[in-house]
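Each of the next two complexes has chain A plus one more chain, namely chain B in the first and chain C in the second.
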Partner chain A sequence: MSRPSLAARWYVPAEIQALRLWLSVAVLVNLLIMALDVVRDGKLWPSLLGIALLALGRLSLPDGQANWKKPVAQLLGAGGVALGLFALAISPRLLYDVWSVAWLVVPCLLLVAWLSRPRVADWAGGRSDREFAERGLARNKESMPRLDVVALHLALLHGLAVVIVPVIWIVDVAVSPGNVLGGAIGDAFTLEHFTAVLSGDSFWTWTRNSLVVAAGTTVFGLALAVPAGYAFSRYQFSGRKESMFLFMLVQMFPGIIILVPYFMVMKTLGLLNTSIGLIIVYSVTALPLGVWMLKGFFDTVPRALEEAAVLDGCNQFEVFFRVVLPLSLPAVAITALFSFLAAWNEFLLALVFNTSNEQYTLPVGLASMIPATGQQWGDFAAASIIVSIPVVVLFVFFQRALIQGLSAGSVKG
Partner chain B sequence: MSDVEFKATRKVYEDGTVGLDDLDLRIEEGEFLVLLGPSGCGKSTALRLLAGLEDITDGAINIGGARVNDLPPGARGLGMVFQSYALYPHMTVRENLSFGLRRTRGSDKVPPNEVVARVDEAASMLDLEKALDKKPKELSGGQQQRVAIGRALVRRPKVLLMDEPLSNLDAKLRNRMRFELRRLHEMHGTTTLYVTHDQIEAMTLADRIAILKDGRLQQHDKPLNAYNQPANSFVASFLGTPAMNLIEGRAAHGRFEAGELAFDLPPHLADADGPGFYGIRPENTHISEGGVPFTLGGVEHLGGEAIFHLEAGGHWIKALWRRKGTEAVAPHPEPGSQQPVILTDSSALFFKE
Partner chain C sequence: MRVLRLWAAVTLLALPIMAQAQAQPQTQPRVSVADTEPGYRQIQIDVAVSPDPRVAAYEIWFAENSFSSTRDALLHSRIAVMDVDGLERGAPGENYDYCQVDGLPAYLDADGNAVIDRNAARWSCALTGMVPGRDTWIAVVPVSADGLALVDVDGLQPVSGRTDASDERTPPPDTRPVLYALGSIILSTIVLLVFLRQRDARKGRTRSRLAHVYVAPAVIGLITLTFYPILYGIGLAFTDADQSHLGDEAWVGLKNFVTVFASPGMWRVTGFTLVWAIANTAAHVFFGLLLALALNRAGLTGKTVYRTVFLLPWAIPGYISVLAWNGMLQPEGLVNGVLGTSIDFLAGADSARLVVILVNIWLGIPFMMMTLSGALQALSADMFEAAEVDGVSRWDQFRYLTLPNLKSTMVPVSLLGFIWSFNSFNTIYLMTRGNPYVGFGEPGATDILITYVFSVAFEYGQYGVAAAWSVLIFLMLVVFSWLYLKKTRATEASA
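Our next item is the complex of A and B:
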């Protein structure tokens, strides 16, 4: 027997390669499903059997040499399909049931169907002549990307579902009449919760407080972070490295640890129950990240640009405001966005520093809508949606700033 | 008056490195002076000191007779073309060109209509009219280069500084811009200080060349003088392609000896005495009957020219052959063969250092 050609040594049909990966993933997902099933109804055996079939099918995938593997794998696959259909028949057939069964049935179906394809069957039967292998490699090159795309989108859909299901739920609760958390999606529609929230005085007070605090934090924080970042980027001074590190160090403590010292300071200064108090605290908290981000961006602005500006007659301030800052707008915008969001969403400090309803920010206000008894879930959900709207708008708005590569093409070499 | 004078100018960096060591150099009004040297020789330091981008440690720099040591860069009346061009990426070409003019104040203030006129003039001179409303990143490398030159020129600088302005261009464009730069200089007659490590740029552009090494001035002369009468072996080896042949040895009684290699000195060097370098340019080194025997190591054929690599007594030299008239190719002696080489051209030099 002659040595197998290079192509024959490398050729494995795309279907087999895909099955090797997908069956393994299916085993893992079915393990997860098994765990969920145990929590739901305590039934273990259908999932366990399914996992066993998938795992054995994966192990008996043809390797191009052992002839017995193909029929065994197909038999296991057929068993998996039958088990899946039976499990579906005895289940209440909710969306979840269909999904979990699909993770057993689809891989098993693919196993049966793909192994029956003539080319795969030939390969499994040990065919390894050169022409067959070379054609197969060419075919793989075409079909592999398609299979990859399918797998990728499947994974993305699962990711999307994880993200979007809570949102759908919240929206459903917000537009459902009464105070129910369950019920089918989209079974009724009402805007009563939105009306209730928007017509209450408290909500507008909280919104005003949140806006003042978030905007104040952004402006005050930037006013500190921009010059600090520039100084760290451009000037050499004693303690430069140490203070950069200290900035990071502050960031490493969990918020709850500095909560008490902050409270004492605020109390001493008489800043409890004021917006200014929150603005100062938030700015300080957001400062390290802002300074580091801006320093990183200023570092990328070439020094030659500043030197050119100096020769064009600019003083230090003009160099900064006319050349460096316009080029750094994307970084400034992102820093501003982060400061705003941090202040807008912060809960713990706002809760501790503010004791009167008049000074509540939105997160604290929302939390106060959950009293010990008689939760108003509908109002709460509606308010949550309204509160997140500004954040969404800001993100959409600042996305452009993110992408702009203003500095591209300015300096070569 | 826009002559420039370095007076015992010294620059020592914080870490103790000497960037520039007692430089005495005068650039006459309207002169095109090229500062030439290998990297780290102090040429860029000299330029940055003159521009005011770095502080002088010792000595003085005068522009038009006035000491500028402590003047801010913008007040020195300079235009500078950066190696990276350093165009403001967020401004259009028009804004880039006018930026400096719009920064003028007080008695130097350039009125707005004058700004527009000067920008238009620069744009037409540099063929940038169609690019005026574009951003730098939309321009080709050559156009960016011209914007950088235009930005330096619109301010009508007393002195124009250029820091390796051609090094980012491809070879073809570089040759064309070199010619353009010389033409611009002849049109405007602006005193120019040009920094480069490229000796061809130096030879073709300069009225005079100043060659630096390790922060010290080696020679300050007209290009051809520096080429024909280099002050020392460093200058000799730096100017010219291929570089001058330098053989280290000892001269005595009209004879030069370098180990196994020995030959009679030409008559004009008969007085040379002591250790030193015997220098002869490859184009004056001929393979011809009656010469010193060398072994041929190899030949590089360049088309119209060929470079012969020759060895004797451990010393490698080059001989340049140029096509004359109808001669099509260089002679093809076998590598390894013995070749007689005439080293005693009347242009040969002897360097003590």
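Our next item is the complex of A and C:
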């Protein structure tokens, strides 16, 4: 037996490297498919056989020495293709079946096809002279990134499907007539759910409540947070460290410990079933994050500007309102958006504080469309779309700023 | 001839089976609602049954609307039927669901649960936990030893009853203590701020003249509406506060904590919460890191599209996504449509647990992806170029350069993710409400601590017990965070 030459050890064709990875991944994916087959009560043997073929194919990938491996691997690949086509023929041929079979057939096809390429065949046949290896390495440099990108896109597309399918589904339910959950995607079209939601009173009541609460939270929350953030950023004063620590500490308290006492305090103050109760609570829960974010933003406004304004005869209030606030308006807007979205989406406190349909906010109202019995899926889907679109647009539009703000608040806290 | 003989044999064989299948179904128990109100949130039912040796238990089903099938109702309780020789009668009011047989308190089994005499033709029970001021529909279903209903469960004729809270309603609570507390806290905070201001003036810090005025609203808001409620909640844990004692709750010492530790399913719900939080955090970090690495690749086509779409689970309001998944996982929903099956994923305990975890993983990945992707972009590109020149493999670059440098972001963010998962109420509540049902008053199969505390507080109305749970949850989180930070610091020091 000959030891692999230097060239053989340094040079492995890109196809072989890719197959080594992809066949292993295919085995894992087929294991998952087998688990789903158990759930489906389907036949186990095709997936078991498929996994065996892929695993054996992976084990018998050529190693650069002339031996039995290449023909065996190709034979296994051909077997996998045949098995896949047969499994597809006996399956109900849903989209899922096509997908699961593709995870067997495509890797096997690649195994057969790539091993018969002349360069790979030569390498598998033991050719390892220097010129051959050098050319191969040059070629690898070109094709490896391409293969990598294809694999990356393939993986990302799978992720994309998992994310986007619920969205497509909810749109489909919203435009499907009647109160159905199933049915093929795009089989019928109606706007009845949208008209039902928009012409009913409840939706508008909930929207009004949510708008009042979210706008109130934004205004009240900012009125508390902006001066505090500014003071923390600019002044050295007694108690600064202690109160900043206080704000940090609050962020670490889990919401649950406050839930019951909040309810009791609000109940004794008679603020249950009012928008004011929610506004107060949301403003205060959003306060620590807002203060930390604003402090970070104010830190970036140069002090020289304020000093110049002071020299020009401005007092502290004027400096703040005429110089600092206009300069940090974008930051304040982001903080405002943050409080608004948080209040707009909050569910638990709204559920606990408001028990009448008249005072429901959108989250609680929409959830009330899906009770244990008598669920109105179509109307719920239509309402969800109407509620989500502005939020998603805002989110996507301001994503960078929101993420920066949040990580500034959370990581420091 | 042979066919005939075969037919005869089959018929003979089948006869007993058919006889059993067609055995006289039990007559439906007649339920009537008593006029007396046994107590707050209770409805008294009287049930007339025909004694039958096959009956092993009676199930009491209820719903807010009239129903004809148990599918549209909730199981309130299951009362065993057995021979009562050698058992003792309970004392009146001793049991949670107080039952009577022929006017006397029911016998109790070894566990202290009420059982009904096999020969009893009439029995009555006070059903607890009923929503006051609302009609409730109730039906009783006899079941056999192997759990099968002995009457047609799709042809039930429930009767309606109600309990009125009006005559039980407590007088409006005394708000003065709370107002005094809030007022004195605000006053003392102001005094403190004025004192600090004076100290600054003495020290000659004049630039910060208005600083205390600026921070005053936020600090007062924080102290009155966060610190005071937290202390109030801790205090509440030692009182008997519940729906009927509000404002005049009495000090009961550690009784609520005893109740918590003695409650059935306490360790089960704590265990599942830990599994839930750890599985979620691990998956969020793993997939978030994977996506962040993938999207961090220079020159990837469609990067913006991918990034925007992967952001969707975070951008769409969480409650909407969860409810959408709830619909997709119904027997006639999309997931079953794709698989070509009709499985009720949320019916079995294990499958429901798996499914809620998967849905919550789906929800939380984008946050980790974006946070880690921000941290990745902040890493110096020179470092990776240098590694590339030195021929360091991609995996080793990840292992020895990316991971250690991401650690300062990953440690706090994963702790935060753990705390969030630990407290993520929406997913469980909107997917399953803690169901599948395990037992009355017990946490459901998918309940995590926070959803269970929610039902203790707002469904059973036991505020004191719920506050005790909250304090314990808080302590658990503190201990866990401390252990985690200690552990990660230790590895940092040794690395």
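Just so we're on the same page, the second predicted complex is superposed on the first by the 295 of 413 C-alpha atoms of A that agree within 3 Å, B and C clash if a C-alpha of one lies under 4 Å from a C-alpha of the other, contacts with A are read in each partner's own complex, and residues count from 1 in each chain.
Rule of thumb we're sticking to: contacts are C-beta pairs under 8 Å (C-beta built on N, C-alpha and C of every residue); 3 or more make two chains touch, one makes a residue touch a chain.
Every value quoted in this text rests on a predicted model; they were computed, and no experiment measured them.
**Q** Under the stated touch criterion, which partner chain does A:Tyr96 make contact with: chain B (first), chain C (second), both, or neither?
**A** Second partner only.
**Q** Touch test for A:Trp344: chain B only (first), chain C only (second), both, or neither?
**A** Second partner only.
**Q** Name the contact category of A:Val150: first (chain B only), second (chain C only), both, or neither.
**A** neither
**Q** Examine A:Ala304 and indicate which partner it touches, taking first as chain B and second as chain C; both and neither are also allowed.
**A** first
**Q** Among the partners chain B and chain C, which is in contact with a greater number of residues of chain A?
**A** So, of the two partners, C touches more residues of chain A.
**Q** Name the contact category of A:Ala138: first (chain B only), second (chain C only), both, or neither.
**A** neither
**Q** When the two structures are overlaid on chain A, which partner does A:Trp377 contact: first (chain B), second (chain C), both, or neither?
**A** A:Trp377 contacts chain C only, not chain B.
**Q** Determine, under the contact definition given at the top, whether A:Leu327 touches first (chain B), second (chain C), both, or neither.
**A** After superposition on chain A, A:Leu327 lies in contact with chain B alone.
**Q** Which partner chains sit in contact with A:Phe237 here, chain B, chain C, both or neither? Use first/second/both/neither.
**A** In the superposed model, A:Phe237 contacts chain C only, not chain B.
**Q** Please identify the positions on chain A that touch both chain B and chain C, taking each partner from its own complex.
**A** The overlap between the chain B and chain C interfaces on chain A comprises residues 406-407, 410-411.
**Q** Residues of chain A touching chain B in their complex?
**A** For this pair, the touching residues of chain A are 302, 304-305, 307-315, 318, 323, 326-327, 406-413.
**Q** How about chain A: which of its residues touch chain C in the complex?
**A** Chain A residues touching chain C: 36, 39-41, 92, 94-97, 149, 152-153, 155-156, 159-160, 162-167, 169-170, 173, 180-183, 223-225, 227-228, 230-232, 234-240, 243, 246-247, 250, 252-265, 267-270, 280-281, 283-285, 287-288, 291, 316-317, 344-345, 347-348, 352, 363, 366-367, 370, 372-375, 377, 380-381, 384, 387-388, 391-392, 395-396, 399, 403-404, 406-407, 410-411.
**Q** Which residues of chain C touch chain A in their complex?
**A** Result: residues 63, 65, 67, 72, 74, 173, 175, 178-179, 192-193, 196-197, 199-200, 203, 205, 207-215, 217-219, 221-223, 225-230, 232-233, 236, 241, 246-247, 291, 294, 297, 300-302, 306, 308-321, 323-328, 330, 332-334, 336-341, 343, 362, 370-371, 374, 409, 412-413, 416, 419, 422-423, 425-426, 429-430, 433, 449-450, 453-454, 457-458, 463, 466-467, 470-471, 473-474, 477, 481 of chain C touch chain A.
**Q** Which of the residues in chain B come into contact with chain A in the complex?
**A** Residues 51-53, 72-75, 78-80, 82-90, 99-100, 103-105, 135-138, 141, 144, 151, 155, 167-168.
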